[in-house]
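One structure is given below, represented as structure tokens, and several questions about it will come after.
A, B, C and D label the chains in the order they appear, each numbered from 1.
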């Protein structure tokens, strides 16, 4: 499950075609790479191929040569691939509002090494969570929302994301609707946690919606941001049993754990390069 | 969990008011009834009180006197109550179409005594499941649907329900939309299983909807029938994890188990008188 | 589920006998107490009765008079009861070693009010977790273990527990075997988290044991301390699915979440007075 | 998840070595086989490699040539492989005693095609389940147990297994301890369901053991038979939450569902050739 500290990750996807597996595995073999885990999936409905390999490289492994060689070999397949070094910890920006449970959980998992990422900034529209970020020695940016100048606030957000070189943005209960422009920029590399089992209870106050509907289960959904609010490709979902005695505030309390676990799982999948976009769905290998 | 074979069930509900618990427990005590399980819940949002008690009656217990006494005592509370004898097995009519997994499961549970009910008829718009019903020695009524005379078919259904004295109707994957009139008749005493985690994926082909949305969990919902299609009060829900490799037919297969378990659970709750209607929600004690 | 901030809790247990419910509910009614939730259970195998009631007291409620009255009424039943005021937050001492996940989780839940307790001290045989405790403004006691004088270390532990007036001790991955004497002192009011689904994998390194056995699920067990190592009455258990690709270190990582959730659940039950001892088993109402 | 009806399955395992993946994927490619799903795992602790591939064969596919070619190629790896044709439904013998829930479930899943197997015989030490087998048109062998001649009964069992050409034996709650000799014969190709979460509660009456221990979860374990009672390699486990109100008979009732689901899952994995033995553990791809 967890990647050994000395393994590389290779991922690729392309249209379905005879030979897709072979083009990858042969290259790995000829470069004397030792495959420790290999998973590929050919989606017969969308006609796309997805592959993820973990491998140990031989001494003197030449990353550039490996890339060049695979690029050449796979050119006729239209294959997009990524190669991740063993020691790579992606830079991450986390966006929050006032609720701190997801932030607390993510920073804890980073601190003990369970999530192999480097949180380079926490951005919020409120000042409340600064002490938590600072205890973890992470810069905190408070960009208050001026209802008359939302674009201005978003420009500040984008500036931090760009200047920190973030490779992943996590919306850890950031309670603002992003502008279409920001959504476009973050498309496919920003993960949001929504506190319902989507597509049920989209939009505001999902736990109150759930209470009114009298459901016997509440859940959370981690998904990529795209143009469509609460409609981006789903990465992970979590669920818990509830009953009539759970008032809305109890659902909110119970939901915190599900949100934390579901978001952490999705972030872990993303960081370990397990997630592929397949139109509006994801493949998680 | 399971009721001992010698226990009575008393349930009641009424508007919230000081003394609701006492009026029930004092009567039980004065009648020398031995309470084995007692659960009550006072809903502070709807202002309603719900109670369910299991008890052993003393020798020479006079059911009618018990009812009369409690009726008198509780009159000022506007309390509706039900008293169920130890040996009561409600008469049940099951409606099906072609899918047999829920019917097979329900009849099995009846046969081994796990559901204390007496299935008095199976009604279908198709002939396919007759052998299954007959193996369990249960009358099977095939009422084909004439698109030009749907009311005619429903009249036959109603006739069987009435003549068998059914106390509960189970729609075990009956793939027809009931008329508003039939819904009204069955309001609150007919249980339907819908193959999604409502309110997500209402209507037709929920597993295909789920596939297209790329969800990572599929579920089933058992609910009472009311006027509003797939909107009746929810009794029980079940869920299972799925992934990208589950094509729609795999979701259907996986869903069968969830549907069986969720429906059986809801039917069990109903039979053991655990379910109370609370506007469009249920209280399950 | 969650207690409203203005409700009292009354719990009681005694040998089974006709009238146990009535003696409690009548007293509540006569004292004009408004019952919001009532749950009682009469265990037919052990012959014991357990009851838990949440109620709102009337204006001018006289706690002492309530206790005295109930004591008198219930004397002939041999009933032991407890009455907990709405604003009561029990004093808690947490014991840890080096692993911080459970401590981090418990302190977080205290901080946001999800666990209504007051952590008055953290005690450890290692200095590592002092910064975490201090960030939450909680005194930290580092009592190193001298293998030649274990009783001496335990005396220091007991002193803190006594001087802080702790009502509950939580062993949040305290990796030391307690002496029989300390176990006796803590019997029934100290909760331990063991990182396996007891009775499987008692003793040391349960995740390694689980790996070697090739199980497909790992779990955690929160239980009361008693004389018998890893054998105290179980309060709560949690479980997660694993597979062949989980090496022992992966089980450890996955187990952290289960341990946190299971321990927090058990502590919540204890604080809300839901847990009753029934010989070596628990009743959780 | 489910195999498309036109796909072959290729599985192999061998000691870990550079080139294990390549030897398989290259052969598939050179034979113009179209890989739809590929999963391989290299166990760094045991030093063994496991691979499972689903593929569509080209027109005119020559099975024997494929085997011969792969045998030659993989000889230096010490690779054992299996090739399963698209239409292969293994012959299965099911052994039962009096409890019928697992048998009912397995025969149902066979009938609707959810388990791609052909049950060729049901063997029992009791006559009770004959009607169920016969309704599914499956021969039923009642071999009563003569305490003075257990080997004689087992010889009859073995004769049926041999004469029917069974490829898999399922012990679906067969409540007899097999002799060491029969265990040896069935080693690795007979699946048993034990009604506890092994290694907890081995041996007789596991639900009563679980009740006495006061556990909050009960489970079931499907495992291969080997010499050691209830100690064979685990294939699948299932679990459900229980509480103090579940008396032993309630655990038995609740356990039925878990046993059915867990056994069916394990049988499905076996039939789809997802299970590999790795010393006393299994790898499930």
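The rule is simple: a residue touches a chain if its C-beta (ideal position, glycine included) is under 8 Å from a C-beta of that chain, and two chains touch if they have at least 3 such contacts.
The model shown is predicted, which means the values in this text are computed figures rather than measured ones.
Greatest centre-to-centre distance from chain B is found for A, with centres as Cα means.
Two copies of one chain, chain B and chain C, touch each other, and the residues they use overlap strongly: the shared fraction of interface numbers exceeds half. Averaged C-alpha coordinates put the centre of chain B at 36 Å from the centre of chain C.
One simple way to say how far apart two chains are is to compare their mean CA positions; for chain A and chain B this gives 41 Å.
For chain C, residues that reach two or more other chains under the stated contact definition are 37, 41, 44, 243, 245, 247. Chain contact topology: the protein chains form a complete graph, every chain touching every other one. Taken in their complex, chain D has these residues touching chain C: 41, 43-45, 197-201, 212-217, 219, 233-237, 239, 243-245, 247, 278, 280-284. Considering their complex, residues 4, 18-22, 25-26, 28-29, 32, 34-42, 44, 51 of chain B touch chain C. In the complex of the two chains, the chain B residues touching chain D come out as 1-2, 37, 100-101, 104, 108, 112, 114, 135, 242-243, 245-247, 249-250, 253-254, 256-257, 261.
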